[in-house]
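Structure, as structure tokens:
A, B, C and D label the chains in the order they appear, each numbered from 1.
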Amino acid sequence: MERRLAYAMVGGGKGSFIGPIHRMAIRMDDLADLVDGCYTHADDWRAMLERAKGRADFVAVCTPNDSHHEIAKAALESGFDVMCEKPLSLTLAEAEELGTIAERGGRKLGIPFTYSGFPMVKAARDLVASGELGAICKVVLEYQQGSFRKIDLTKPLDKRNKWKMDPTKSGPSCVVADIGVHGFHLIEYVTGLEVKSLLADLSSFAPGNRLDDDASILMRLGDGGAKASMVVSKVATGEENGVRLRVYGDKASLFWNQESPNYLSVKYPFAPERIYKRKAPYMLDVSEPSVAFTRVPAGHHEGFIEAFANIYREFCAAVRDRGEHDYPGAREGVRTMRMVEAALASNAAGNTWVEVRG
Amino acid sequence: MERRLAYAMVGGGKGSFIGPIHRMAIRMDDLADLVDGCYTHADDWRAMLERAKGRADFVAVCTPNDSHHEIAKAALESGFDVMCEKPLSLTLAEAEELGTIAERGGRKLGIPFTYSGFPMVKAARDLVASGELGAICKVVLEYQQGSFRKIDLTKPLDKRNKWKMDPTKSGPSCVVADIGVHGFHLIEYVTGLEVKSLLADLSSFAPGNRLDDDASILMRLGDGGAKASMVVSKVATGEENGVRLRVYGDKASLFWNQESPNYLSVKYPFAPERIYKRKAPYMLDVSEPSVAFTRVPAGHHEGFIEAFANIYREFCAAVRDRGEHDYPGAREGVRTMRMVEAALASNAAGNTWVEVRG
Amino acid sequence: MERRLAYAMVGGGKGSFIGPIHRMAIRMDDLADLVDGCYTHADDWRAMLERAKGRADFVAVCTPNDSHHEIAKAALESGFDVMCEKPLSLTLAEAEELGTIAERGGRKLGIPFTYSGFPMVKAARDLVASGELGAICKVVLEYQQGSFRKIDLTKPLDKRNKWKMDPTKSGPSCVVADIGVHGFHLIEYVTGLEVKSLLADLSSFAPGNRLDDDASILMRLGDGGAKASMVVSKVATGEENGVRLRVYGDKASLFWNQESPNYLSVKYPFAPERIYKRKAPYMLDVSEPSVAFTRVPAGHHEGFIEAFANIYREFCAAVRDRGEHDYPGAREGVRTMRMVEAALASNAAGNTWVEVRG
Amino acid sequence: MERRLAYAMVGGGKGSFIGPIHRMAIRMDDLADLVDGCYTHADDWRAMLERAKGRADFVAVCTPNDSHHEIAKAALESGFDVMCEKPLSLTLAEAEELGTIAERGGRKLGIPFTYSGFPMVKAARDLVASGELGAICKVVLEYQQGSFRKIDLTKPLDKRNKWKMDPTKSGPSCVVADIGVHGFHLIEYVTGLEVKSLLADLSSFAPGNRLDDDASILMRLGDGGAKASMVVSKVATGEENGVRLRVYGDKASLFWNQESPNYLSVKYPFAPERIYKRKAPYMLDVSEPSVAFTRVPAGHHEGFIEAFANIYREFCAAVRDRGEHDYPGAREGVRTMRMVEAALASNAAGNTWVEVRG
């Protein structure tokens, strides 16, 4: 049996959405024990890190965006592996610094871009890699949320929306940094292609919001001329968490919808559409990982916590064996911040093409 | 903070589908620690129970059907609360005995009829109870599985299908006792009506199977003339776990589909169909429990383990406070076995109406 | 080019739902000209038939149920081919008489059981016939309508619901004769199996209705032990026209839903679910008729009028060439009335098995 | 009863997809008789027009794109009203000329942008106009086809794809002019907003194709800051005719999918999603036209031909009464060509913003 790990948490206390998710995800596979935490008072997390030395293997950072960099940096420098909420930092420079620190110190740095933890997203990636879709020419990704349309304008903003709209807490981008990074990661993860450049058109539609809450981003991928069109929004009224990914190759296309996450549709020009289903017997031939990363039988649904637990399963494997595993790490944290900065630059320049460095 | 409980497990070891689910469900809310177990050797579970006395609050029974009664009985008589897999026993008499033992000893007995743990099933129940659907006249329930069509007839039966088809392990019924009980429980849970009588037509379609693997069951519910039509099958080729519930009242109807469990459709004669969604803001007005029994935000999916954890959350609350909570218990275990016996009797008599005692 | 036919219509005038459908369906392929009609005054249809002799090839009968037999009989005896609305008559004896008259006189008699006119229903039939599903063991058919829940009880009944609830107009059965016949026809058409016996449980749920408005019917099909469960209702509140057909074989199963009629799902134990789509290139290999009976390209939807036009296309071919074609005729009219009488008899006898003669 | 019209057709003969659709659509409501036609030999259509004078009220032009302008011009100048297939011409200047000729001559000019003929698209328009969605901020439109992925590269191109890829037949744009115009029209029709400017990124992915076969187009709408993101493609492998429209307002959003055209989803921040259904009783309060433009009852599907017939119903009303009716006309023909030219200009200039004149 594998060694049980120990971890400490910063942030993620009362009222937090994501803190409990981290804890449930870690418990699901009984990966690690929570040995210390600093859930509410941001001022004493340094003392907590000190206490946790020798007792915790890794630190989970679940605070608002503006403290990600500082806390993650301190934790890495204290010798902890770190799972840090996205976006990794407010600026690209900070993300790059974290990446460098982790690499130099031999520390593991994970970022829970949860969607690549879904079994059928892994199946999508493996189908693309196997050549089933042929050469990829186009990706269409929507990430539609209506959270900024649930705000009662006659009342003070709730805590969560408040910091998301606040540049001092959120950094220079809201929707692109908050959920655009998920979309971007999904595109690169599934296609295996790097985004080379982008053209972004950002908007601020929610009353009182000065940051971007809606974005249309065109992208160029890889060296073969592939393109992507990504729409992300927090003002998509009535949408809950509409992550919809369509990948078009010259032989077939695929569609995955986070709101029905256990299925993956593949369409062919000359054959019936196929609905691949999580953990069905034939999935072993299509994508072994899509089967390995499930916990309940076919037909019995898995959701967000299970996907999150998959990220942690791989991260904890890396913490134990110090090897490479299938979780979003420093590279993905830096890549997504490069995208954020490119999007802001493109928008500021009147929607021009901006390079996304490799 | 609530007291952390301790439990022991019988069965549920290597190769078991349901054992790991129990353990993950319990861990999800960090309800109890597993302190002892007897996972594989059925012969020494009595010793384990002895060891666990004073150390475990409850025992989870995850063995094949034929040992449910014996183990649950011993555990109850040893003073443990018990969560026992369904069906509670091979015969109605045994189920009734367990109910009596639990009641007399003041022990809690839970049965994980998981589907009533889904938030949107609770919402369905609350919508019916609120009168939103008016007087219920008809229920249509399908529980379609194709598991007996995944058998390779040229090879020996796998362990799990083997005992399901074996009367000495499964008892006198296969599909009705195995999944028909889920359907029956769903119908009574959501409508709040008792099934008074039924007429069952059972079949054995799978090659080599002597027990029922397909059933059509007509039912009369409550005192107002309501009826139900239930179809359950293990030979529904290609179906994974097709639990589909339709409840028709004189004002509206509802539809819940386990394969898309976070949604609940309600249809009206003079208004657009409404899609209720787990944890959406308006759900608080519709069904507080449907919100209380969730862990992730609207739009982020929950599935089988979460529903299972909801059953355990209520069971553990009862273990702690010795009160009544919203989980299927001895009554449901006995009711479902009454249904199984009535179905077998009806079929044996040429598909006649048979009473299901209260 | 094929000879253009001429037809006369009885019934189907102002306020009729089905009359305009017949006329549009006939016009769609420009099959026949309407040369005479008696749309509203039931008393002079005999005169109209007299006038139409030599001018019309066939007569379309679109009156309420109670006059189907009399008008169809007169038309057949006057030498016309006849397309008569379902149910063919109020009693089985009348239906059999019409069948005999048509046969002796060499007249064509069509009944628009529209659903077998849908291209993807023809594909379903052809898939079953090809052995793709293996041996059929179970059919589950729902035909759920909520029309009797749209009645405002504080007002006089509208004309259409009034005659549907009136035994002198509708005959001894309402829901079984009105839509149960569609379900029954679909089952026999798609499976190619004859229903041998049935057990019916009928209800009258709508206030003031003395006829059946909800039915659960169990059936035995063919000689291989196949079974069906059919639920039909006019009190399925909020449902529009919920015709859902599931056919389970030992190799695969299929699902067709009238509310998404251009698609056909086929599920396999060891392969992904396939969604067959009307007129897609691969459909030629699956079912030539499913392609021949379409008018618009794949992806552009066809609906009820097109399916109706398919029935007429085949009927008119028979009118022209006097041969056999793929439309529901006298045999289907008689078979469905045998089912209706068996269902009434079974229900009257306390839900016993009743033979459906061949 | 309304006067029956007469029409002549140019193009639309053997092998044509769209010619038979025109004829069936016109017949559906028995609007007009086809009195003359020139289906195959492009050289004698002038003689046909001469013959039809005094006998035909309007001319339907169903030829490939490159002859639309010449034939429509001649027909208008001969005093006919004209229904001309889209795109109206190869260039904007030609479209403008046709608009001017029609206006000066008092002739009706219709363009069958079929999708605005769907009842639920009219309902969408009326919901937006009623303020139900609040102020529109974002539109997301996909029109995904895979037709250029159905080409067998080892064989000569089939006739239809050949002319679509041929600049001398199709004009300077393929996908934008062929289906982008549908998407553009849908956006303006449903939102009631004019596209003011756009930024287009065009691609040629199909082997051998020199024209655009995939496009991502960003748009600015109206004066309130609304934006749209449109993706249109002929290389969306496996897609049939994926027209998906999402409109986001600050109070609600709507979704219409051509592949399930009888439904319209509306999502709210604080209320369950509503599924509006064609011709349901409540639709009269939402959109009278959505009810008036249907032919079969709720629950019985309508499709492409019916939508096409709705365009013709309005066009023929205009032909008869010389008034304004709800069909796409000269204005829409010119607007869509302005969009095409702007898209080509934007792409040529490196994806810059280009004005779309009013």
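Structure notes:
Note that a contact is a pair of C-beta atoms (placed from the backbone, for glycine too) under 8 Å apart; a residue touches a chain by one contact, two chains touch by 3 or more.
Because the structure is predicted, anything quoted here is derived from the model rather than measured.
Among the remaining chains, the Cα-based centre furthest from that of chain C is the centre of A. Across the two interfaces under comparison, A-B and A-D, the one joined by more C-beta contacts turns out to be A-D.
In this assembly, the C-alpha centroid of chain B lies 53 Å from the C-alpha centroid of chain D.
Per-chain CA centroids place chain A at a distance of 39 Å from chain D.
Chain geometry summary: the mean Cα position of chain A and that of chain B are 35 Å apart. Residue numbers of chain B whose C-beta contacts span two or more other chains: 150, 239, 266, 269-270, 273, 277, 280-281.
Residues of chain D that touch chain C in their complex: 17, 20-21, 23-24, 27-30, 145, 150, 239-242, 258-262, 277, 280-281, 295-306. Of all residues in chain C, only 133-134, 137-138, 140, 142, 144, 146, 149-150, 199, 201, 203, 205, 214, 216, 218, 225, 227, 229, 231, 233, 235-239, 246, 248-253, 266-270, 273, 350-351, 353 touch chain B in the complex they form. For chain B in complex with chain D, the residues that touch the partner chain are 266, 269-277, 280-282.
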